[in-house]
Every structure is written in structure tokens, then in C-alpha cells.
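Report on the structure given below.
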Amino acid sequence: MHNDRLSLDEIARRVDAKAPAFCASSDRIWAMPELAFEEHGSVAEQIAMMEAEGFRITRNVGGMATAFVAEWGSGGPVVGILGEYDALPDLSQESGAVGHAPLKAGAPGHGCGHNLLGSGSALAAVALKDALEAEGIAGTVRYYGCPAEESGSGKTFMARAGLFDDLDAAFCWHPSVVNEVQSTSSLACIQAYFRFRGRAAHAAAAPHVGRSALDAVELMNIGVNYMREHMPSDARVHYAVTDTGGSAPNVVQAFAESLYLVRSPHLPDAERLFERVKRIAEGAALMTETTVSVQITDATSNVLPNKVLQEAMYENMRRLGPPAFDAADYAFAEKLRKAAITEEDVLASVKPHDLSLRTKILHDGVLPLPAREEVSMGTTDVGDVSWIVPTVQCHTACFAIGTPFHTWQLVAQGNLPAAHKGMVLAAKAMASTAADCLRNPELIARAKAELRERTGGRAYVCPIPDSVTPDDLHRRAA
Amino acid sequence: MHNDRLSLDEIARRVDAKAPAFCASSDRIWAMPELAFEEHGSVAEQIAMMEAEGFRITRNVGGMATAFVAEWGSGGPVVGILGEYDALPDLSQESGAVGHAPLKAGAPGHGCGHNLLGSGSALAAVALKDALEAEGIAGTVRYYGCPAEESGSGKTFMARAGLFDDLDAAFCWHPSVVNEVQSTSSLACIQAYFRFRGRAAHAAAAPHVGRSALDAVELMNIGVNYMREHMPSDARVHYAVTDTGGSAPNVVQAFAESLYLVRSPHLPDAERLFERVKRIAEGAALMTETTVSVQITDATSNVLPNKVLQEAMYENMRRLGPPAFDAADYAFAEKLRKAAITEEDVLASVKPHDLSLRTKILHDGVLPLPAREEVSMGTTDVGDVSWIVPTVQCHTACFAIGTPFHTWQLVAQGNLPAAHKGMVLAAKAMASTAADCLRNPELIARAKAELRERTGGRAYVCPIPDSVTPDDLHRRAA
Amino acid sequence: MHNDRLSLDEIARRVDAKAPAFCASSDRIWAMPELAFEEHGSVAEQIAMMEAEGFRITRNVGGMATAFVAEWGSGGPVVGILGEYDALPDLSQESGAVGHAPLKAGAPGHGCGHNLLGSGSALAAVALKDALEAEGIAGTVRYYGCPAEESGSGKTFMARAGLFDDLDAAFCWHPSVVNEVQSTSSLACIQAYFRFRGRAAHAAAAPHVGRSALDAVELMNIGVNYMREHMPSDARVHYAVTDTGGSAPNVVQAFAESLYLVRSPHLPDAERLFERVKRIAEGAALMTETTVSVQITDATSNVLPNKVLQEAMYENMRRLGPPAFDAADYAFAEKLRKAAITEEDVLASVKPHDLSLRTKILHDGVLPLPAREEVSMGTTDVGDVSWIVPTVQCHTACFAIGTPFHTWQLVAQGNLPAAHKGMVLAAKAMASTAADCLRNPELIARAKAELRERTGGRAYVCPIPDSVTPDDLHRRAA
Amino acid sequence: MHNDRLSLDEIARRVDAKAPAFCASSDRIWAMPELAFEEHGSVAEQIAMMEAEGFRITRNVGGMATAFVAEWGSGGPVVGILGEYDALPDLSQESGAVGHAPLKAGAPGHGCGHNLLGSGSALAAVALKDALEAEGIAGTVRYYGCPAEESGSGKTFMARAGLFDDLDAAFCWHPSVVNEVQSTSSLACIQAYFRFRGRAAHAAAAPHVGRSALDAVELMNIGVNYMREHMPSDARVHYAVTDTGGSAPNVVQAFAESLYLVRSPHLPDAERLFERVKRIAEGAALMTETTVSVQITDATSNVLPNKVLQEAMYENMRRLGPPAFDAADYAFAEKLRKAAITEEDVLASVKPHDLSLRTKILHDGVLPLPAREEVSMGTTDVGDVSWIVPTVQCHTACFAIGTPFHTWQLVAQGNLPAAHKGMVLAAKAMASTAADCLRNPELIARAKAELRERTGGRAYVCPIPDSVTPDDLHRRAA
């Protein structure tokens, strides 16, 4: 039967064949950590790898110099595999050290494992291509080089540019401490500045002619705190006050600014809640006889889980089994745990997955899909992709259980053999599930039907207004 | 010279001639205390007195059954003397008792001396009429029977009805513990209900569908408290919360109401401030997704002092001198002070006038006009008359120094000889100053010029909206 | 085998034998609806029934004249069955009428079906006694007559008095529109008055000497609204403002009061949250230079579900099957639904159970136990019993689907044949599960182990302070 | 009579004799503008002048390197004349230019005329010394070199060090646009940081474990805004928010800080109000479970006017008459007014003095003492001196009417002939009034009696806590 030509074993073999090259590529990216929107070297590395494999490259997509698409094949279903490669500030760390040992003080480091993320996804795309090519099967394979996940919502801008519109399924992963198909959704978020303008005056001599923008910021905050009683329990609204109008108490503050972050498990709910927050801002302006302007600066959609694809991917992971960690992998993980991982870290690390893992050092199983869909209280720009095309993600064990993210402890493990093994497993899980889609159109049809049901037929609308460009976010982050 | 025909001595003689009858009338009103808008017996008593003196009576003026105008004469300048006759709840008290001794438990009493106020003003009008009649001098004398000063703004409704429009000067007095021409202005005030309507919901099970009107009331209050820093120091804004939407915490409150009182030394400023308060209410409604309606329920203009008339009246009072209290008057005042007046009462009583009076029992002088115009932090419906016609008021010593107003201590003195003496002095001061106006048109001209300057040319606009009737206030007070 | 002597069939037969008498008793209580703490007639009725059956009566327990315990037997496990009998105000209604038809305007009515509740539980106790007696089995059966569930937390006071301390298992039910074992927990709640005392002053003339208690109430509310961001999502804090210090804006309010209701799925969390609310109140007092006093007026523990007993009871209900409603039952239910039940009522009625029931008129099945434990956003004084002894409850279909609770529509059905059938089913479910406990000590042991795990070993502490008596709550409710 | 030996004419002659030298000294200070606490060159210049005149110098007084005392004589009454010499940032300007023409961009300039202030006061001290010396009269004359008036409260630190304790009278002046004895008092002020510390947490994932310091800052502000209704109308409380705890909305803010400024016409009232503000801060900490620390960073006492000395000084100024401005003075003033002074500047300039001056270019009269004592809504460290010793100040016309303070327009006039003339007049007014005190002990006695009455017998307590040093203020200002 034709389906056998893209069997799990076949895909796994092809992944293994190219794994050494892509692990080496991952290590090179680990060694040149670059911040969001500035991943020029990492992108050059990735493009070189994909060009060598015969992929067609489109650079500078979505208005970002470090976003690209690598494509192979034509016709047939179109599957996309998403990669990332941005690092985090101030996390430089020597590989394999179990104490804090920056390679270069103050320099960035791959504290979220995105060197693995990009290379593992590229490996999956290449292995899938190899299989299609060898078997002469029609189909289109894309690798999306997605910048600025940590700060900047690269995929959201790519989604706005329509780059995912013709995909039939999308695949992604994230390096982790466990092996599992990700089943949780995430929060949609909208972030905006509220800027109030009033009238300055001498606060003691002529307070009645002043109109305080700082008062407006405070009254808006009060209004929002009153709203909390009357909003859904699973939504979140937070703020920072980013400009208080100066440090002189004896001047009525003529300008003040706050930054609001509105989140909800469902984008339309986040939008409705954001409208309420805007009305509160207008109320605060009315109360203080000031004016207010609102500027949305960032937004991402919630992740829409896809049970159909999750089950397909889980079946593959179950059959693949966990990475084959060896004694050296365990020895290092144990050493690190003793030296630099607390019991609290361990608890926090396993809590979202399975508390019984707390006695383990490295994950030696594959977690089952949970009966109930949970919402993770975070946000990711994968959410926007998931509103356009059925999307599935997995986690694989690349790091010792208990490793906190965004720390030097994680950086120290980012190019070790254990991390490579986790990355290879992820590539297999993604490529094999993509292969399932290619050989089984009905799977795509069911996944798309589920997506339609989850969106309620609402077409994707990018939550970042057209007036906001990646450059705006880059500038602000800088 | 013709002016001599209305000399101070002449007027004083004519007042003395009719004083016994009007003191008796005052005592009858003292004996039938009636609340605001319900002064039917007192009005009948007053009308009988004025009809007997040949005045023409117009009843039911300004939309109030207990408001009337008594007029004598024709042509010439038109002078008006204002009287009141409403009592206060729960102040029934035996005359001349120095302990609390209600004649009828829970019944009203003349705790502000309005029995004297109405009768003294009527006496002044009659004495002036007698003088004009005897001398054959042209002129029109009016006595205004003004109800509901304590609660209801009778004069404001009379002003709205245009009853003071053709007056050339107005005169008024108030029983007091001192003899003086009143020089202070008062606060203009606007009082209004703010009613918020939201949506009820079970506060635990479905709080996010509720919209809390109580939240709106609280946010409005917060907004106003923030405004305080940015409003003039001499303005005042206060509130009561008159409906909290129920006593069940587990129901989102669908209705709530507050009552605001906005005051300022100048009516246009009070109006501007009231507009700001309304904007804050609208802001609170926006913040809570509720609706708000505003209902003005009472308002009075500030008193515009008239220096020209004050100086004329002071000259008369200075020449008339204080009431001639005798040993019996002093004996009773001393007994009352010992029994029922505290040192704090005394201090509070003399503070607005002259602290050096604190050692006196009854006032035996006439206070000079102060160099500087002060604002008294109260409100009176005389304010509305004063925006239409030059108006002057005096105080005369009717009560022991230290007697607090709105107490049984004051009621107990309201028909004693000392009170009569003070009332007769006030009648002389008003009638003689009115006589000055009649014989000296230039005095009226100068007083009117001062009024024009103080209003800045702004025509009188009644601060109570046409939609609010005296019946509304009467009903609410009941 | 000895266990067979208390088989489900045997118990069911004994319930059926006494059912007519207890249905008649339920109808008599329906006909004399009495409010919380005033159920003297209903208690007399119940005591008469139980005495006739040979139960020993202890009156006036827990400090309440309408609380009693009826006990039979000795030794062996001690099982308790809980009954209620209080009615609701203003719900008088003719039986079997499909329009609002009060028997006596303004009089109470059994709008929550507690006539059935008490009689059904008594029936269960009696049937169980009959079986034990007939078979000569050792064991103690208690019926608890629990007053004031609707308003007053009768069981909480009984728990405080230690009346449930020696029980091995407790059983309860509630008339409903469906047949199911109750699996949800409920919220623990603490309700308290916060009373602030400041200093009155004239708001315009001397505002700076006033200290506003109303300000304190508002600031406490603000503080609590700020706390919302920092409290668990599933907790609830609500308030009503129960005294605003008067309706006069020109007086600084010297007294003000609010009523707070703090709820959480777990009593210790509710207690911690209540401590935070108290600190906020103290903060508000500090801010305003007022004083605050706190008075807890009511509190109940959350229901601790007991899976062990739920599964035992579900097995019995599954085998018993739904009540055998006949054509007449359906005909009336249909008539009522057409006349006086809206589609929204139906939706609200089935939502907590199973939305697919919305097309049914009467429930003709038994709902399975759900996979996941939910928290119902309500409170009940059964919670306190459930912290002391393993407790299980069932619902049986006594009313047409869609009947809203606390309405005349429910009162109208309270003594009809369908209601009797539901009550009899409940008696069978409770008695048979209690019998399971008596014949199977291991069941009790497992149920107790589960309870220990759920309390974390914390001994029951009554959330109502000792200083608050049932009389306090009775007086306040009156 | 011996008094004649210190007559006004005599003093004036002696001032004129030394005027050229001190005008030159003033010009040198004008040419080396130095900021608060950094007036090393200016102090060297002043000390050189005073040493040359035979004064004994004490350096580094009050803990400040640029504070000094110059003393002459011994015994007799001790009179002190206060001088200042600090400049303002970024006001460098060419002398005599009527357009903005910085001598050095960004450099300081004498925008408040303190070059004149210090030199004029020194001139007065020297002239008085000359007179005493010539006539052989006993007495002690001190010149106080007071740094950091603009920012740092130099005199307050000198007062704390006891440097004014043995003075019998103090004299001061300020360059101005009018000639008058200053009659107004000023506001006492206390400035403090309120620092709140809470606990950080992820705002979406674990908000309930966070304790927000930003919430505490906001709640404190709310509490203060509620207090406004209940504080005296003439007090002032303002704040700036100086640290909001970061710009990331998704982190609960663990630190936040505000800067409060509390002012009142009377220091004890300011202290009481400050205590209330502190209690509000504690309330906010309680409400949010954060901690708060308070750090007073600056404070000055209100100016206690001294009518006795004011009248003495006014008599001298009246006799001295205004400066004799010539055509060139007028020509320049007119040119400047046309080029760089708006009508609003003129209005603002004359408003505190006499609106009728608005048509004048230079002041050609001496304003009378007003009948009523006003409070100016500013603060000055002369206030602290005035609580210790009877103190009087004058203003003299050194600048064109309409010149705003703290502008290049003022700097441009600071060494012109008109400014010199005003400075000389001030020296005469101070020296002659000090001479009055020396020859007339009864004047000192009456002035001291007035001071005692105004303080109510309260000894001077420095409002800056001992823990705050001038270095603290210097560092913060830098």
C-alpha cells in the first residue's frame, strides 16, 4: 500500500541520516546567540543548510530581515514546519559547566533552546523532503524561519503577511524536560500603551487650572481593578505605569502613560475585554478632563489545539519512545541537579506535566494525552498560526528535569548529547506526523474540520494593527 | 426738606406704634409651628394682619400654596421686605424653660426664630406704609411671604416666577445673638441625584455578566475625590450615597444612587464645577458599562452683598443702637446660659462676629462693618433675590449669646420680651433703610450699579431647572 | 450470607411499606410552611412521626428550639440521615395550579421542597431501622432534624455543638429535576459586617475636623478590588454597603457599614482570604482615622465530596432506576412547562447536569458520576457535616425539568404524586447506601480515609465564632 | 539724642560710600554662576570682601562647605543680615542682550538675582558696621553667607546648627520688580519619599502569590485624595510617582516609590498633616501586604511675618523712596519688554503686588503695607530663620516690570545699572532698620513679643530630621 512508503520507520531512518549535520548546525547557532530581530548569523546558517538540501529560499518575509521561508516540492498537500532561533539577553554560559560561567559577561545566550528548535524543525523538513523525493511522492514541504519569538511576535507578522494561508497543516516543537504532545492551549494577548495628556500647573499656587494626566492613569487603573470582579476568571489584565509625568510633586503632571496587557484563552474574548479596558480609559479621561490615545504594540492569538493532529502525533511518539539517554547523559544531569537545581525548580518543572516525575533525572517515557484540555497561562506566536491552519506541537526531553527556562542552567545543556537526542526525537515526531498528513488526506480534512469548529467560522484577523510594524517592536525592545 | 418726612426718628416712631400687634402675631405663629410648605396657619395669620393694614394680597405665588405677596401703594420706587415663617421638626419646647421641655413630643418648633422673622418684616412694611401714607409720598411697599426656607428654597421658586423683577431694593433680616448689618456672602449650591443602572447577576456564579451600579457610584466618588486637588480651595463638593443597590453581597447591584451637593462662592463657578462632576459621573458609567441619569433637585444662588445698602443700613443701626434689654432679660439669659449653654456654644456663637463678645450675656452694641468681605460657608435662598435686586440684611440680638440655632434653647426664647425687642430693632433698621431708598433715588442707582458690577452683567438664571417644582421638594422632604 | 439481610431489594421494600405515611407527613408540612428558626409545627410533626416509630428524641439541640435528633438502636456503626423543613418567604401557592395563585398573600411557601427533604430523610431512617430491627442487626440510626438551611446555617451550629462527632457516615438528599448522586463540592463562605466609626462635621464649614466612615467603607472596597488581581481565580469576594451614614451630603458621615462575603472552594483558603480582607479594613481605618469593628455573622464550610460513598450510592441508584412517572405526572409537567416555564429556565435547569436533557419533561434516567470533580458556585451547611464525617448526597427528580427553585412553580408541585415518587427514590438511595455501610465496615474505613486525605488531617473548626448564636442570625433574618 | 547717630541719612550715606565696591563684587559673582552647594568661587569672593572690611569669618558652618558667617563687633544687640549666592542650571546669558544669547550653552546663570542678594546684604552689614564703628556704638553685626536656597534649604541646616539662636533680629531682601516690604507669609513644607516593597510574581500564571508595591503606591494616592475633603483648604499635598516598579506588565511589581510634598501656612499643621499622610501610607501597606519606609528629604518652616519690623522697615523705605532710574535704565527696560516680555508676563509679575503697575516699565514708587496678611503659595528657607528670630524682608526694583524669574531675561539684567540701584536701596533699607533695632531696644522687644505670640511659645524644631545631611540633598540634586 502506498502509505507504507512514508512509514514511521522510514521517516525515522531519514531523520537519523541527516541528524549529525543538523546537530552540528544547532551547535553553531548555540555558539552565536543573537537577540530577537537580530538573528542575521543564525539565519545565514539555516539558509545555507536548506539551500544545500535543495530548498528554494524566500528572504525578508513579513517585513523582517531575519524571517525566511524554505520550500521544496510542488503540488499535493502543503505542510509547514516552524523553527525559531532567537536568544535571550545576558545568559552567556559555558557549555557543560554546572556553575554560572559566562563565556562573555553580559552577552546573550540560548536560554530557551531555540538553537535546537530551529535546527530540529529544519531537520524534520529535510528528512520529509528526502522521503518524498526518494519515493516520488507529490507534496510541498516548507520550513519557516521565524524570528523574534521571545520578544516581537515574528510569526504573528508572518501570519499577517499571509505566509501560512495555503498550508494544510503546521508542525512545531519546543525543547523541554519531558516527552509529550502539547495539548494545552495558551492565552491570546493584546498589549497597548494608554497615553494621557492634561495641562501642567503649579500644584500649590494654581492647582485648579491643572488637569493631571497622572490622575487619569491612576483612575484608569482603579477602573480596571473594579472591572476584575466582573470579568471571566480565566482572563488576565495587567499593567505597568511607564511614564508618571515627572518626579516633581509641585507640578501637575501633563503627561502620563501606562502599558496594558490583556489576555484570555480565546482571542475574541480578549478583544472584547480590551474594548472594555479602552472604555475605562475613556472614562478616566472624561473624569480628569484629559485626552487619551491608545496604541496597540503587540498581540498574539491563543493557540487552538487540534485533537486530530495531537492523536496522530501521539501515536508516533508512543511508538518512537523516549530518547535513548546513556550513562554519561544521566551523570551530567545528576551533577547539574545537585549543583544548581533546587527542589522548588523540580516541582515547578514537572507540575504542568506530571508530579510523579519529580524523582526522575531525565524523562524516560512519553506522557499520554490528558483527558481534559487545559489552558497554559502563557502566550506564544504559534497561536496565530494555529488560527489559520491545523497546528500541532510536541515537547521532547532535551534537558534535565528541573531545569528552569531562561537560565544559564539551560544554556549549559544546549549543545550536549542529551539535547541532540531530544531534538532528533522531535524531528521524527514532526516529520512522521507531517508524512501521515501527506499520505492520508482524510486526516487533514478532519483536522481542518476541527479547526473550523474551534474558530466558529471566524476568519483569521491579525490582532496587531497594520500600523504597527516589526521595526516598531524591534526599536522598542532595543 | 422733603426727605425729613421719612427720617429715622419718624420711622422708628411708626414702628414702635405697631410693634405690640406684630409681637402678638409673632407669638401666635410661635405657638403654631408649621414645617416647610405646610405653613397654612401662619400664612393665614400674616395675611390677616396685612389685609387689616390695607395691603393687597396675592396668594399662591411661585407655585406654592403658602407663598404670598402683600402690596401697598403705587408708583415711585418699589421696595420689598422679605419674611419667613417655617418651623423645624422635633423642636417643640415650652417658652421660658431652661431645660428641655417639649410642649408636644415630636412636634415642630421655631428653632430658627422665623416667627420673629416674618412678623418683624411685616411690621417694617406696615410702618413704612404708615409713613408714606401719612406724608402722602408716592411709592410701592411689598411684603413677601416666603415659605420653606429651611428646606425647599421658597424664594428661589419665587425668583424663578419673576416676583422680584420689578423691585428697586430688597430688605431682610434674621434673628441673631448680635446686632449687625450682614456683610458676608454665602455659597451658591446645586444639589442633584446621580442614578446608575447596570445589570444584576449572581456575584459568585456569573460575576462577569453583571454590571455593577454600586461600582459606578464608588468610581464616581473616587473621581470626585481626585478632582479635589484641582478645584478652587473655596468651593465645596460633598456626597451621600442614598441607595447602594441592596444588602445582599451575592447579587451584583443593578441600581445605585448618590446625592451630590456642589457649592461655590459664585454661582457660575458652581455651575462649572457641577459640569465637571457630571463628566465624572459619565466617566464612571463608561468604566462600568452602566448608564447614569442626573436630576437636579435643589439649587440656590450665592448672596451678592451690596456695600451701598450695607453702609446705609449700618448708619441707621448705629444711630438706633442696640435693643434696650432690662434686668429681667439679662436674668433669664444668664439663667439659660448657666443651665444649658456650654463654653463651646458661646465660642461658636461669637466666632463669626467678634470673639471679644464671649464674656457678654446679651449683645449691647452694634458691630461695625468689617473691612473685608468674607464668605460664610452656608447657603440661603436670599441669594437668588440678591442676584435680581440690590438686597441687604441685618441681624439683631433676639437671643442670649451662645444660643445654638436649631435647638430647644432657641425655641424657649422665641416669644420672650428680649426677642420682641430684637425684632422691633430689625423692623426699624429695614424700614428706615427702605425709606432712605424712597427719598433718595441716587442711593438706589448706586446700589443697582454695584449689583451690575457684581453679576458682570449676567442676567439672573434660576439654578433650579423648570422641570423641578416646589411640590417635588415638598414631597421629598415629607 | 449475612450481607443479604440488608440487600437493596430488602431496603426498597421497607421504604415502600412506610412511604404512604411519610408522603402524608410531607404534605402536612407543605401545608404549614414555616420560616427558618420558626419551624415549630413542622418539627412537632416530624417528632411525632419518629416517636411513633420508636426513635428516641433529643430536642433543642445546637442551641436551636427547632433542631432535634431522633435515634434508634445502639452499638455498631452509627449512620446519620439529615433532614430539613424550613420554607421561604412570600411563596404561598395553590398546589397543582399552573398560574401564580397564593393561598395566602405574603405568606411563606415550600419553594425549595424542604417538606420532601425532611420527610424523605425520615422515611429513609425509619426503613433502615425496620430492616435492622427485623434482622436483629446491631447498629445506630439517627435522623437529624436540621432547621434554618435557607437562612441561618442550622447544621453549622449543630456541628459546632459536636452532634455529628460520633457518626460513621452521613446521608442527605435534595429534591431536584434530575436523578443523580451529587459529585460537586461547594464553596466555603465567611460573611461579616465591617463597621466604621468616624467623626461627624459640617461638610462645608468644617470638613477638616470630620473623619468620614463612608470614606473608610469606600477605601476598603477599593482595597479589595485591588486585591482581586492577587487572589486565586476560583475564590470570590463580594460586598454590599449596608449603611452609608445618612442621606445628607452636608454632614461628614460618622458611621458606615458594609457586609462582605468571602468564598473559596476550600475553607482554609477562605479563612486566609478573610484575614487579608480584614487587613484591608484596618488599612482603610488607618487611612481615614476611623475605627473598624468586624462581626462574622455567618459561615459554612465547603462540601468535601466523598468518592467512596458516591460510588456506593450511584451503584444503588443505577439499580433502582428513575421514579416510575405515569401519564398523569407527565401531563401536569407538560401543562406547567407550557404555562409557566421559559426556555431559559429549562436551559438553566439542565446546565449543571446535562444539556441533552433539555428536550425532556421529566427525568427518566440516572445520570452517571462525572469523570472530573467540579466546584458548584454555591454554599450549603451540609459542608460542615462533610468535614466531620464522610457524607454523600443525592438528587432525585421531584419536579418538572426547567422548574426554577425558590418560585411558586416549585411550590405548586411540592405535594403532587411525582414529588412523592422522587422522595421515595431518595429514601431508598440513602437507606440502601447506609445499609451498605452497616454491613460493610471496610466501606466506612475507605470513606474515612478519603475524608482524612481531603482535610489534610485538619480537625473540624466551626467557621462561626462562638460569640455568634443562632438567635443572632434569627433576629437578623427577622 | 544718641539715636541720631544712626539716622537714616547717616546709614544711607555709608551705604553709598561702599556701594561701588559691592556692585563690582556682585558683578563678579554674576560672572561665575555656581549651582547650589557648589558656590565655592562666590563664597571666596564674599569672604574676601568681608575680611577686607574687618569681619571675623567662620567657614564651613551647618555642615556645608559653602556656608559661612562674617561677624563684626561685640556686645549689644546682635543683628544678622542674610545673603545668598547660588545660581540656576542652564540659564547662561549675555548681559544686556534682549534675545536669548547664552555665554556658554548649558551653563548655569543667575536667574534669581542671588549675585545681587548676597552682595546687597553684605553691603548692608558693612555700612552698618561703618556707622557703629564711627560712632563707637556697641553692637554685633553678622552677615550670613547662606548657600543652596534654590535647592537644598541652606538656611534650614544653618538653623538646625543653632547659628541664629543668639540673634536679636534678622534682615533679608530679594531682588524684584517692585519696591516694598514683604508682608506675606509662606508655606511650611515637608517632602518625603514613600518606598513600598512587595513580592514579585508572574502576573498571569501566579498573580495570587504576588504582592504589588505599585498597588500600594496607587492606594496611598487614593487615600490621600480621599483625605483632601477633610484637610484645611489652605494646606497643600502633592505627589509624584518616582518609581513604578518596572515597565513589564506581566510581572507583579515588587518595588515602587512616590515623592510627597506636604505644605501648610503653619509648620505644626504641616507636621500634623504629614502624620496623616504617613498613616495613609501604612494603611496602603496593610491593604497590599507590602512594607513601607518613609524618608524625609527636605523641609522648611513657613515664614512668620513680623509686623513690628515691617512697619519700621516700611517707614525707612518710604523715606528713602524708589531707586533713581535714569533714561538709559528706562530705555533698556522698554527695549527688553518689547522684545521678550509678554503681556501675560507683565500681569503675572504685578499680580501679587498691585495690578495698577501693569502700565509701568520700572517701578517708581514704594508699595504700602497691605491691611491684611496674605499667604504666598511658595516656600523659602528664610522661614526657618523667622521661627527663631524676628525677621523682616524687603523687595526692591532691580528688574523691568514683567521680567519672569528663573529666565534668561532676568539674567540679562543682573549686572546692569538698574539692578545696582535696586540693590543699593535694599542695603539701605536693611541697614537702617537694623540700626533702628540697635538704637531702640524697645523695637526689638516688641518684635520678639510678636514672634512669641506667633509661635505660641513653641521652640524652633528643625523640620529636617537629623539623619538627613546637606550632602544627601546635594547628592540628590546632582
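Just so it is clear, A, B, C and D label the chains in written order, and each chain counts residues from 1 on its own.
Keep this in mind: a contact is a pair of C-beta atoms (placed from the backbone, for glycine too) under 8 Å apart; a residue touches a chain by one contact, two chains touch by 3 or more.
Here is each chain with its UniProt name: A, B, C, D = Amidohydrolase.
The model shown is predicted, which means the values in this text are computed figures rather than measured ones.
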{"item": "Chains touching both chain C (Amidohydrolase) and chain D (Amidohydrolase), listed by label", "value": "A, B"}
{"item": "Comparison of B-D and A-D by number of C-beta pairs in contact, larger one", "value": "A-D"}
{"item": "Furthest chain, CA centroid comparison against chain A (Amidohydrolase)", "value": "B"}
{"item": "Centre distance in Å when chain B (Amidohydrolase) and chain D (Amidohydrolase) are each reduced to the mean of their C-alpha atoms", "value": "47"}
{"item": "Centroid spacing, where centroids are CA-atom means, of chain A (Amidohydrolase) and chain D (Amidohydrolase) in whole angstrom", "value": "59"}
{"item": "Per-residue overlap in chain B (Amidohydrolase), given as positions that touch at least 2 other chains", "value": "203, 207, 218, 222, 226, 229, 233, 238"}
{"item": "In the complex, chain B (Amidohydrolase) residues that touch chain A (Amidohydrolase)", "value": "203, 207-212, 215, 218-219, 222-223, 226-227, 229-233, 252, 276, 279-280, 282-289"}
{"item": "Complex contact set, residues of chain B (Amidohydrolase) against chain C (Amidohydrolase)", "value": "187, 191, 202-205, 207, 214, 218, 221-222, 236, 238-242, 244-250, 253, 259-261, 263, 377-378"}
{"item": "Complex interface listing, chain A (Amidohydrolase) residues touching chain C (Amidohydrolase)", "value": "222, 225-226, 228-229, 233-234, 237-238, 371-372"}
